[in-house]
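Next come two complexes built around chain A: one with chain B, the other with chain C.
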Partner chain A sequence: MNIAQQIYRIFAGRILASIGFAVLIIVVLAAVFAPLLAPFDPLDIDPISRLQEPSLEHLFGTDQFGRDTYSRAIYGARMAVIIGAGSVAFALLTGGLIGMLSAYFSRLGSFLMRGVDVMMAFPALLLALVLMTLLERSVVNTIIVIGIVYAATTARILFGMTLKLKGGVFIDAAICSGAGHASILFRHILPNLLSPLLVQATFIFAFAQLQAAALDFLGLGLPPEVPSWGNMLAESRIYITRASWLLIFPGMLIIFSVFSMNLVGDALRDTMDPRFKDDIAGV
Partner chain B sequence: MLAYTLRRLIAFVPTLLAASALVFLFIHLIPGDPASILLGDTATPEEIAALNQQLGFNEPIYVQYFLWLGNVLQGDFGTSVFFRQPVLSVIADGAETSIWLATMTMCWIVVIGIPIGILSATRQGTWIDQVTSGFAMLFASIPTFWLGLYLILIFAVGLGWFPTSGFPSLSDDGGLWNLRYLLLPSLTLAAPNAALIVRLVRASMLDVQREDHVRTARAKGLSPSRVAIRHVFRNALIAVAAAFGFTFAALVSEAVVTETVFSLPGIGRLVVQSILRRDYPVIQGVILIIVVLYMVINLLVDLSYARLDPRVSLK
Partner chain C sequence: MTDSIQSLLSVKNLKTWFEIGGSGLFGGNSRALKAIDGVSFEIAHGEVLGLVGESGCGKSTVGRTLTLLEKSSGGEARFEGQDILKMSNAEFRPLRRSIQMIFQDPFASLNPRLSIEQTLSEPLRIHEVATGRQEIINVIADMLTKVGLDPSVMARYPHEFSGGQRQRIGIARVMILAPKLIIADEAVSALDVSIQAQVLNLIKDLQQDSGVSMLFISHDLGVVRHISDRVAVMYLGRIAEIGRKEDIFTNPAHPYTKLLLSSIPSTKPGRKKVRDLGEPASAASPPSGCAFHPRCPLASDICRSTRPEAVSVGSDHLTACHHTDKAVDIAA
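And now, the complex of A and B:
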């Protein structure tokens, strides 16, 4: 089956999930082509046209520095995709590896999974907050901090799933035919875990958006000059009674993208391998 | 059951110690010298040295840890460098707000989340189910602070029904009436969590619905509502109770944001402000208390889960 057929199989008959998928494609396109789509420089300050209502020139109005909110929102999509994809990559690579290795090498696992237990003893945003105080506000650090939080969850999920697969007859067959540890892990176990990993990735992506926005809002996320949706809300917070558009547009964009990702994740989970369905909680 | 309890307790202590060491270490990895931050830019080196001596910052790190742990076990969490008061009393000052906020939020979660979850599960596949499930997912996708700001804008600024921020103590003028300050914050905090409970109740009821004893109950002619409540919901509640630890973690995380939005004098805002002020002892104290509380809750949830469902302890 090629990719288009698989996508069709997942989304056929699921209207909401299909809309969600379309929204995500639009967000990604906006992120990629931000310089072409944004009519203004997102950082350009124009004191004369500050706090202007939405108009044909400024579709989403302007903020307290006279910056074009629409252009900032377009560039915000770029930050959303970078933070989301970065957190997913970090969480899946570190957490996934820890989980798989822990389940496969049980002695190593009894040690590593205790470490995961300790990480899981911290409520998510609190862990992110404390880690963020150690690091400077930057894009990479925000990704690392959010990634660490979800690496622990991912490790625990993959630990359980790898344990289930490890006892399978096809693993015995692989061992008999002389396969090494690396080959068993990455050529026999990992391919079975790809679809649950994809589902987990969608949920991490959605959570990461909310976490990043919360960190931005608390002043502990991305540097304040970076045009992210969270920062836009944080900065214009005191102007909301005078300029409600500063609250509506970035907020709606966060909600739309997180909601869409959750819808897609749900649809993916429904079509996933039933053996692992209970392992991934999602929203 | 006894063996299971012992096994859980034995696993609990090392994790607790490791977590406390991590709490201790985090704070000491923060860039910047606490004494010089505390005294400001005009401090002389002598003043900084004297303060380091006074607060024990000159000792080796492991000595500091054991000193700290020993003190903590005696209830001494140090002195807030900002408030110049014992950390425990600073935290206690915020506790009233946070406990009331959490209580009201839990009420909303139970009152809103559980009935809608039952409704959604018993009407599985109908438009009612689709609408409630859709809204549950939507509310789980809204950033807490955005919802809070919007509620302030509409109900506090626009309609003037509720105060915009703050929370006077219940022992101040107004008494219980002061809880109105927490109405918008508790709804804000409840929204995403109630949404999760709706989805959880629905999912676990659908699971139980497929079991044999439910078919038996239906076959012997019980009314659908009786089957739904007595036979399905009661069993599904076990899974919901098991998620209580998770709900607690979510509440704590989102309370940090909610208390900041509504300027509530609670523990959540204390964490954020202490981080911005680099008030190390307070950050340490709050995080430690929350982590220990969270671990104890999870332990209790697991033990009661095993008691409610004996299959768990046999695994």
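And now, the complex of A and C:
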């Protein structure tokens, strides 16, 4: 089955999820083509036209430095996608590896998984706050910190699934064929984990954006000059009574993109999660 | 008994115990479940030994221990003179080519994410039986034809096949390495009766053509009778009786064997009713003495106190019973 057919199978008949998917595509396109879509430089300060209401020239109005909010929002999409994709990659790589290895080598697992349990005992935002206070504000550090927070969840999930797969008869058969540890882990177990990993990725992507926005708002995320939706909220919050558009637009964007990703994740899980469907394999 | 010089596999006093009742920090006291408790048998070159017994008697554990899927707790298993039970996984790896296993469940034994070609090429690559893609494909196509499948199925995935076809693929995976010993663990039990006969005959034909030795584990006496040269009957982790197929089926010496044989459903009219002796005891708390005594019509004091050792009751025919001299009709 090709990718287009798979996508059709996931979204056919799911109106909300389809809308979510469309919103996501728009966000990703905005991120990729930000320099073409933004009418102004997001960092250009223009004191004369500060705090202007939305107009045809400035669709989302201007902020306290006269920067075009619409352009900043489009560049914000770029940051949202970078943070989301980076956190997903970090969380799945580290968490996935920890979970798989812990389940496969049970002695190693009894140590590693206790560490994961400790990480999971902290609320996600609190853990991210503590880690961020130890690090400099930067894009890479934000990705790492959010990645660490969700690596723990990923490790937990993959630990259980690997444990279940490891006891499977086809693993015994592979052992009898003479397959070594690496072959069993990456050739026999990992391909069977791809569907849950994909589902997990969509949820991490959504939560990472939310976390990043929260960190930005609290002044611990991206550097303040970076145009991200969270930073826009943080900088303009004192103008909420005078220039509410400064908060409404980035706020709505955070809500829509996170909500969309969750809808897509739900649809993916419903079609792919082995707990509901055990015949996804081999598709 | 087969001369040990000729035998391919010689198992002596094999024990596999599992720990039950918790372990670790808060485990409390654990006990040993003696899944196999002193099993001895030999398999000669080209011979098929049938291993029968009720579920839970440890017959599958014998197969899994001999392929090092389970860790043995004692005894020895000499394959061509080398004790495989003492080997580490790395040491045993080259020998895996010679000792192959057919699994019971054809739906679980194939990786759903690998195509048939990928599944069958894996053992070839690991043991360097064939190198180069074209040669590997040729060998696989050849093997698929031998197990009665079209070579074109190579590109397909397990979910596209029926149970019988999957088991043929499982057999191909084993035969492709030209092993010396095959352990078939309930190889046809999961299949429909109509398919069972086909697959069983396939296994028998391949065995006879290649002259491979086989340990054929099954609970089905009819199947075992069809394929085996010699038969071992297991009860609660021990062998109750072992001998040539004809002796076991026509002249059984152990009361448990007699009971098993009398339980084969028959369509002949006027056959005596099967004596129902209830469930077997649990291997976690085996009865004292002879494990079979609570169900045995011949049980006496010595059976309750002393475990019987295997004694010879004919040429190549051993039984572990205190009352082999008593000729009693079990199917009372």
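The rule we apply is simple: the second predicted complex is superposed on the first by the 273 of 283 C-alpha atoms of A that agree within 3 Å, B and C clash if a C-alpha of one lies under 4 Å from a C-alpha of the other, contacts with A are read in each partner's own complex, and residues count from 1 in each chain.
Quick note on the criterion: contacts are C-beta pairs under 8 Å (C-beta built on N, C-alpha and C of every residue); 3 or more make two chains touch, one makes a residue touch a chain.
Keep in mind it's a predicted model, so treat the numbers as computed, not measured.
Peer 1: Chain A superposed: clash or fit between chain B and chain C?
Peer 2: fit
Peer 1: Is A:Ala213 contacted by the first partner chain B, the second partner chain C, both or neither?
Peer 2: After superposition on chain A, A:Ala213 lies in contact with chain B alone.
Peer 1: Counting only touches as set out at the top, which of chain B and chain C does A:Asp117 meet: first, second, both, neither?
Peer 2: After superposition on chain A, A:Asp117 lies in contact with chain B alone.
Peer 1: May I ask you to decide whether A:Ala85 touches chain B, chain C, both, or neither, giving the answer as first, second, both or neither?
Peer 2: In the superposition, A:Ala85 touches no partner, neither chain B nor chain C.
Peer 1: Give one of first, second, both or neither to describe whether A:Leu37 is in contact with chain B, with chain C, with both, or with none.
Peer 2: neither
Peer 1: Let me test your reading of the model: by the given contact rule, A:Val139 touches which partner, first (chain B), second (chain C), both or neither?
Peer 2: Neither partner.
Peer 1: Once both structures sit on top of one another, what is the angle chain B-chain A-chain C taken between CA centres, to the nearest 10 degrees?
Peer 2: The C-alpha centres give an angle of about 90 degrees at chain A.
Peer 1: In the superposed arrangement, which partner chain does A:Leu163 touch: chain B (first), chain C (second), both, or neither?
Peer 2: neither
Peer 1: So, A:Leu59: does it touch chain B (first), chain C (second), both, or neither?
Peer 2: neither
Peer 1: Using the touch definition from the top, say if A:Met272 reaches chain B (first), chain C (second), both or neither.
Peer 2: Neither: A:Met272 stays clear of chain B and chain C.
Peer 1: More residues of chain A are touched by which partner: chain B or chain C?
Peer 2: Of chain B and chain C, B contacts more residues of chain A.
Peer 1: Measuring by CA atoms in the overlay, how small does the chain B-chain C distance get, in Å?
Peer 2: 5
Peer 1: Do any residues of chain A touch both chain B and chain C, and if so, which are they?
Peer 2: After superposing on chain A, no chain A residue contacts both chain B and chain C.
Peer 1: Hey, which residues of chain C end up touching chain A in the complex?
Peer 2: 64, 67, 69, 93, 96-97, 100-101, 103-105, 108-114, 122-123, 126-127, 157-160, 170, 173, 177
Peer 1: Can you list the residues on chain B that touch chain A in the complex?
Peer 2: For this pair, the touching residues of chain B are 11, 14-16, 18-19, 22, 26, 29-31, 134, 137-138, 140-146, 149-150, 153, 157, 195-196, 199, 248-250, 252-254, 256-257, 260, 271-272, 275-276, 283, 287, 290-291, 294-295.
Peer 1: Sort out for me which residues of chain A touch chain B in the complex.
Peer 2: Chain A residues touching chain B: 16, 114-115, 117-118, 121-126, 129-131, 133-134, 206, 210, 213-214, 217-220, 230, 233, 237, 240-241, 244, 247, 251, 254-255, 258-259, 262-263, 266, 283.
Peer 1: In their shared complex, at which residues does chain A touch chain C?
Peer 2: 168-170, 172-180, 183, 187-188, 191-192, 279, 281-282
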